[in-house]
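Common to both upcoming complexes is chain A, partnered first by chain B, then by chain C.
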Partner chain A sequence: MNAVVEPLVATESKPKMTIRDVHVHYEDVHAVKGIDLDLYSDKVTALIGPSGCGKSTLLRCLNRMNDTISDCRVQGQIYLDGQDIYASDIDVVQLRARVGMVFQKPNPFPKSIYDNVAYGPRIHGLATDREALDEIVEASLEKAGLWQEVKDRLDHQGTALSGGQQQRLCIARAIAVNPEVILMDEPCSSLDPIATAKVEALIDELSGRYAIVIVTHSMQQAARVSQKTVFFHLGEMIEYGDTTQIFTAPQQEQTRDYITGRIG
Partner chain B sequence: MIDPDGHMQPDVQGVDWTSPQMQARLKKRYWVDRLFRGLGLSAVAAAALFLIVLLGNIIQTGISGFFQTSIEIDISFDAAILPDPTLPRNEFSQAVAQVNMQRIIRQALLEKFPDVSGRSDTIRLTRMLSSGSRSQLRSLIVRKPEIVGTKLPVQLLASDEVDQAVKGNIDISLPEENRKLKNKEVGWLNQLQLEDRVSLNFHPRFITSGDSREPELVGVWGAAVGSGITLLVTLLTAFPIGLAAAIYLEEFAPRNRLTTIIEININNLAAVPSIVFGLLGLAVFLGAMGMARSAPLVGGLTLALLTLPTIIISARSAISAVPQSIRDAARGLGASPMQVAFHHVIPLAMPGVLTGTIIGMARALGESAPLLMIGMVAFIVDVPTGINDPATVLPVQIYLWADSPERAFIEKTSAAIMVLLFFLISMNGVAIWMRQKFERNW
Partner chain C sequence: MSQHILRTYDDELKEVRSVVVRMGGLAAEQLADSMRALRDQDIDLAEETRAADKALDALEVLAENTVVGVFARRAPVADDLREVVSALKMTTMIERMGDYAKNIARRSISIAEAQGVVLMPHLLDEMATEAHEMIQDVMDAYVQRGAEEAIAVWERDEHLDNMYNAAYRQILARMMETPEHIATLSHYLMIAKNLERIGDQATNVAEQVYYTITGKFLEEARQAKGQG
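Moving on to the complex of A and B:
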């Protein structure tokens, strides 16, 4: 049942997710218009473009978060390891465990720091006993660079942390279920520069282990954290390439205009 | 003004903020401000005044309902009439129950007032005391068998008319034929008062006993227990059904024509007059299902119909107030819709749901009209012990007493209103406390 999907660029390694001819409609708005894209396990892919260009919509298709919006229609194919995630035999719950998500605004549960991180492993039965769960929580917080800051107050409310800490807690929560892909929807847009720097360093840290897709409005951020960059405009993919190439030698005039700040 | 580039620019320097017109505008604005503040304040004051007058009136009338007049009479516990106190306890109390207490009391009263003679005067004299004085005396003897053979002063409950006279609620200066308490009785009462044998004491019976035909013997306990059992039935039916309906409508139901119609109808149900729910309860529970009438089960189910829309509406608004980001977070981790609802949304919405439920229950507690329809208006003396016992509830009890002809029921009605208000204010207090304690800023 696994379809063999030819990668867009033959020279690259096997992609983790492949997106082929994806269209998204909201009622009468054609938000995403025929996107083809490959996402790689060892790379950070940045989606950039002006507001309303469909980048967040596309991101939310990758773990089917759009399912709950009743008038949103997704056409085309999205494959995770060659499996169509919109196929009828796909379990959305498992898909979302494999494709984690970090949101624009930090949204920790109003529970303790420990319970925030332990929630995912608990509902998916990833830990057999309390010790194993403790280990997962510690490892996740460690990976998210938060362990040293919170190890003495795991029972404090997650919502009482600072904004940047909350966002890193959300990242820890996402990686606690051991996902293969992490989707980040403008993860730094509500953070100050120092917290942003920490989160960016964290993305760098995680980039080898997970396929990371990040939507961002900040050119500098895209340039700093990603290896691949996609530029969207009005629902269409204008340009896709290595980040260095996009930022130093864009092929399309629209891309050049956007990056230099003339449109957007 | 036209700038060098040829664009129109507003002529800012031209506004004279100190001109008389500007001053007048400013003055008018201040005046309107003051006017509205004054109107608002007087509206609040008027509302507070109404409340104070209402509460003040009820408390002023009702406070004396918690007190009752007793008359001290020297009773001789004649060993010739009363059973042998050395008998075993059971036999003794059975034997005491056979004794005509009325005779003992009459004897004592005639001893006190030796010049009273003739059948009608004797009856008048004995009616100075409550019919409850006989059981008072009986239980005293059973409790203390050692008093048999002695003569002791005993505090016995006065009749309602005497009680009202002592409380000053009967105008003695009226012509004799216009009052129930005749001159002779007033004379006897005055003599007793002179001897300091009349006392007004706190009357625990008003709290602990059920209804009665005699105002001096009534109590709110039966109605309070009836209200309690009824509300329990209401809570146990309306809360789970209401919460489940709210969860389904908010979290699971598709947004379509059918759910829109259901929503509109729930909102409409909340505005339906309560007596209509009474008729529904009458038709369904008593008519179609043949349940026991006048029972807390039926009353509770009828009130559940009444509170259900309130609970659904408040639970829905509490559930929809839980931010979408929490649902997204859980869903993004792979929580199923059920897990999102039960692990996150409902616990966070619970304080709001409970607040709404308590307010709904408080409304049910104060409701009388639908219960009249299902027969909870019967005269019931016994305190109910189960959901199928005949019972009444506090508001209906108030209605029944307000409808009674005896003068003494006026203060009992107000006193019962005080008890009902106490429960209502306590429930609303709990709701406010919960809202404050669990209030959450997102």
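Moving on to the complex of A and C:
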């Protein structure tokens, strides 16, 4: 049953995901401390903060990637459209289709470009026949801005593409299963400036259709691609606000010190 | 405020601030000199004051180059972003103050060279003193990071405007009384206008100082305060 979760701030649109009092422990380490946050479908939310601040840990809670880590305990509630994603009856495979993920290092399967994108729709039974699957593959590659570059070599290995293309292939793979949320964990950290610009342009393109959450160490990237920014420090959420406000007039001294490169 | 991890970034921001302060000092000096040249009918000093404006122009170019360099290398954000954007705007405003002072110096030469003696309206002296203090006080607010002090300068502009209106009426009356001195009195009228404009620019600088310090636009902050 879906719960009615009041948004933290009254807005016109309803949050896609609501995070309430989430704590994460790795053995004795309290990595994420009581986070309350709303994520919206029409917004890109950037999570920033120094290494070890808990931002990637929180990101991985959003599609239960932390389930695979032993000694990792997640407390609190995370709702997707009012549905508790940590409830016992949740199908985690289904959840990860709705909440897709793109990792720091592009990780295409050692398969053809076509099969990389078709893999998800096949296992989730999204296509009834080959023609339908072809359509999903083309549409996904198109949305990922990769179709024109690969349409004549769909049978080539995904791993043979350039780094930037591989990352966009991974985004196409995430899109192919009709996700509602896309999580990105430093998606451009291994890419050159041109490939980075292409991925950022893609994030812009996708931002109206999916709730996108991006973890990045690049302040400029957070400023460029997001509408909301969250600053974390030592597992706590220090500040949340409109990206323009955070980067022109942050309210918290710790945020200011971090984004301006000052010693805290 | 704590320092940047990159010391050279701090050095560049210090350089930006230092240029703004030097420009403020020069503008105040130019204003004082131009008024002294006017009072004393000192053509040499007036010429020197006009020439001194080049130093202000050169500093404005230096400020522009330094700020562009900061943008290119540092991609400034938050306080640093406000600092450099405001510096860029303030230096343009201060350079304009210098232009007004230069114009006063130029008119003081025309007045000194004119036939007959036309006494300077005393209100011009009071206006110049007020405008000079506004420049000094707004630069102090900038150096001391005083948001309240910046507001105080901003609020004084109305007083200078009132003085200008009084000077305008006074000069107009004298024009009607002594039409033979209209040419010289027109110069005095324009000088009054220049002083009023210097006050406007000091007010604009005050707005930038306030924004640099607080991240809020002064007008919005005042409105919010009024409503609250």
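Heads up, the rule we're going with is that the second predicted complex is superposed on the first by the 261 of 264 C-alpha atoms of A that agree within 3 Å, B and C clash if a C-alpha of one lies under 4 Å from a C-alpha of the other, contacts with A are read in each partner's own complex, and residues count from 1 in each chain.
One rule holds for everything that comes next: a residue touches a chain if its C-beta (ideal position, glycine included) is under 8 Å from a C-beta of that chain, and two chains touch if they have at least 3 such contacts.
This one's a predicted model, so the numbers in the text were calculated from it and none came from an experiment.
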item: Contacts of A:96 with chain B and chain C, given as first, second, both or neither; value: first
item: Partner chain(s) touched by A:177 [first = chain B, second = chain C, both, neither]; value: first
item: Contacts of A:256 with chain B and chain C, given as first, second, both or neither; value: second
item: Winner by number of chain A residues touched, once chain B and chain C are compared; value: B
item: Touching partner for A:75 - first (chain B), second (chain C), both, neither; value: neither
item: Partner chain in contact with A:248 - chain B first, chain C second, else both or neither; value: second
item: Touching partner for A:13 - first (chain B), second (chain C), both, neither; value: neither
item: Contact footprint of chain A on chain C as seen in their complex; value: 1-6, 9, 75-82, 214-216
item: Chain A - residues contacting chain C, complex; value: 219-220, 223, 246-250, 255-257, 259-264
item: Chain B residues touching chain A - in the complex, by the definition given at the top; value: 254-255, 323, 325-326, 328-336, 339, 343-344, 348, 440
item: Chain A residues touching chain B - in the complex, by the definition given at the top; value: 63, 65, 68, 70, 93-97, 100-101, 103, 105, 107-110, 119-120, 123-124, 170, 173-174, 177
